[in-house]
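This structure is in structure tokens; I'll ask about it shortly.
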Amino acid sequence: MITDPGLFLNTVVAGLLLGGFYTAVALGLSIAFGQLDIVNIAHPAFIIIGSYFAYLFGSQYGFDPVLTGIAMTPVFFVLGIVVYRVYYASFERTGQESLSGLAFFFGLMFIIEVTLILIYGVDYRLVPAPYIGVNWKIGVVDVPLRMAIPFAVSMLMTIGLFFYLSKTFIGRAILAVSQDRQALQLMGADPVKIKQVAFGLALATASIAGALLIIIGPVEPSINREYIGRAFAIVVLGGMGSITGTVLAAFILGIAESFILTYASPSWAPAVAFGILLFTLAVRPSGILGRQS
Amino acid sequence: MRLGGFWGLMAAALVAGLAFATLTNNEYYFTAAYAILQALVMAIAWNILGGFTGYVNFGSAGFFALGAYATVALHKFLPSIGFAPPLVVYVLAGAVVCGLIGLATGYLTLRLRGVYFAIATLALAIVFQTFMNNWGYVGAAKGTSILTPDPPQFLWGYVSFSSYVKYLFVVMLLLALTAIVISRYIANSKFGRGLAAIRDDEVAAECMGVPTLRLKLISAAVMGALMGVAGAPYPFFATFVDPQSAFSLVIAVNSIAMPMIGGTAYWYGPVVGALLLGTAQEAISVTISSELNVFLVGVVLVACVILAPRGLVGFVNDMRAKAKGRG
Amino acid sequence: MAEHILSVKALTKRFGGFVALDSVDLQLGEGERLGLIGPNGSGKTTMINCISGALFSDQGTITFKGADITRLPAHRRTHRGIVRSFQIPRPFRTMTILQNLMVPMEYAAAQGGGDLETEARDILDIVGFRGRASENSGRLTQVDMRKLELARALAAKPQLLISDEAMAGLSSSEVDEILDILFKLNGRGVAVIMIEHIMRAVFRFSQRVVVLDAGRRIAEGTPAQIVKDPLVERAYLGV
């Protein structure tokens, strides 16, 4: 079976498409954790909120999930600012970050998951869209649109974010704030305001990632926990502080999972991310492209 | 708390519990009390690694589930070779199995810095769940049912129980009191001082001669064993075990929220937190709704972490110190 | 020739491309008082991190009391008698002063039993903390924290104490208090390596001084000799 070139190629392509989607998932965490050192374990939970918004507008009004995801980004951006301000006032300012901050986000994750269960129950939810269920065939390779569209949207979002961070003043300030607070202050920018915008951006990506998630497959509230391992594995493997590293690592994880899915068994998929995470932390904690902290 | 006072309190709690068991037959009370005592053992377990040693662990409830699954597996295996052991055997098995797994996973994760350690433990719990989801012998994702046994008799029939739940309550009461005794003993021992040194400043501890890795591993093993002890009787209590319920997020958050609310630096912090939060949860479940109760745990945890990071006990101590300063 | 209690040969440590220590030698006699000085970035802290075990060196050997300890973990070196105090004090903040002492006593010095408290109070007397045993260590003044650092080091029953800038930022009388404690220590037979920038303390205390600059050893001698050494002057003044 391993020698079947058609299957092999399909697995690789599936892995690439998956990796593209995983980029969207990890991007927000790459900003929050990789750049700002904020351990937002609740990030996947916010993504699930995004999924449920897509479900809500998709099932009630027939809105396309991608449109919902994009339309809701301002809401998520503001939410990010609010969450960051609470986090800053309670932890960052007093210097108690690590453990209490973790517990804070853990509690948030829990509240989000439970609230969603209260409202929607534990059943899987789908969103109807014309491209779900459509398969393109390029030669011997299957390209399901429900994977290809998220891949494309995710890549667009990543490129957009990349340009924003490297070309605009605020974007570059965000990259700078992780490295040198003082220089930033001397330049006349308020580090707290910059971090606030950064965190808002991070959550805004969750809106879109959530919409993409529910296109790829059905969603229920506890899925967020599966993605915690994946998101952190990607950010750590890619290297803290490097968006390019995150993208690279997302593809690596996507391909790894794809191979386990095809050649082993789907129920082992969650363990792949964990294995990668542990391995990276043991062997090269700074990741592929990370800065030495 | 001085030694005499402590043992007096333990004895009083034991007597009160046993009197309660003799005086009433209301199944609900024993069910509720069992749940609270189980949470207490888990809170104490978490606090050994999380509070005493300072390694906050988000996946420790996974050991509770492993203890439950150890019982499920043994309960299927032992009768097939002719054994029908009493509950205490399952509890011991849970302690040993989960203690060893705690040691092994500790070896994998305890070299990591605080934040990475916490994330690794969370992912670890998911891996355990994945294993259980795939293990057909214990029912995989569909789970297993366990028939409620007959309540046992001891001392030639002199000691008997009107229902199995009552028996479970007494067992869990004994386990809880044992856990409290162990926790207090650790807190006041050389081992406990070493753990506190690691928590306060790991580098300085190492330079003061504390073998930090070894102590952290022992701490993880004890945590695992106590969690396993809490989980071992669970299948007999719930009569149905599947990964979804055993690895439930509520159980996980409770075992963190209770010590944090009570105060992680003290051995009695988790006790305070478990009793308060546990009773509040039962009360809310009964009077309003069980979903609201679950939601409230999360809110209380977040509020506590923001407003009283050293827990209730820490808060009270701070107030006392301030008053003393003024007086 | 007297046996050296500590013998460091060709110690080298790199951080990426930066060479912090370049083949440095150091010998210390039993009960000797050695001053280790040099401008900022000369490698003094790296040196003592390697000796105490906080870092592992890349090349070279470290021998203590005749045994090779180059690859020994830090807590084992403490058991053998190498104890260091930290530049920025690192007390165990949730514990009392007494409990801070009990940790090294129980772990480094492997002491047990009832005489722990008496010994501890003895040490508290030496540093001037009489009657303050049950005070919480989290809220001490700067000089008190330095004293606690030394008290803790004492409690570990050292044969070699490395004092890392214990006097930085202290007033003149506070410097004398710390020096006093170090002299008392040395009087009990403990060898001391003192790293300091306060020259009058170094010269008053040291029998011998070693000077590092840019990771290399550039001078060694009595305080009187070092003061006159043109190499040392150049290192400090950058001329």
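Observations on the structure shown:
Should a chain be cited, it is by its letter among A, B and C, assigned in written order, with residues numbered from 1 in that chain.
In this text, a residue touches a chain if its C-beta (ideal position, glycine included) is under 8 Å from a C-beta of that chain, and two chains touch if they have at least 3 such contacts.
Everything quoted here is computed from the prediction, not taken from an experiment.
Distance from chain A peaks, on a Cα-centroid basis, for C. Legend note: the chain whose CA centroid lies nearest the centroid of all displayed protein CA atoms is B.
For this structure, the chains sharing the highest number of C-beta contacts are A-B.
Centre-to-centre separation between chain B and chain C, using Cα means, comes to 43 Å.
Chain A and chain C have Cα centroids separated by 48 Å.
Annotation: 33 Å between the Cα-based centres of chain A and chain B. Per the touch definition, chain A reaches chain B in the complex via residues 39, 41, 86, 90, 96, 98-100, 102-104, 106-108, 110-111, 113-115, 117-118, 222, 225-226, 228-229, 232-233, 236, 265, 267-268, 270-271, 273-274, 277-278, 281-282, 285.
Chain contact summary for the complex, chain C toward chain B: residues 52-54, 73-75, 78-79, 83-84, 86, 90-95, 99, 102-104, 106-109, 112, 152, 156.
Residue ranges of chain B in contact with chain C, taken from their complex: 190, 193-194, 196-197, 199-201, 203-212, 265. The part of chain B that touches chain A in the complex is made up of residues 54, 56, 58, 108-109, 111-112, 114-116, 118-120, 122-124, 126-127, 129-130, 133-134, 249, 253, 256-257, 260, 291, 294-295, 297-299, 301-302, 305-306, 309.
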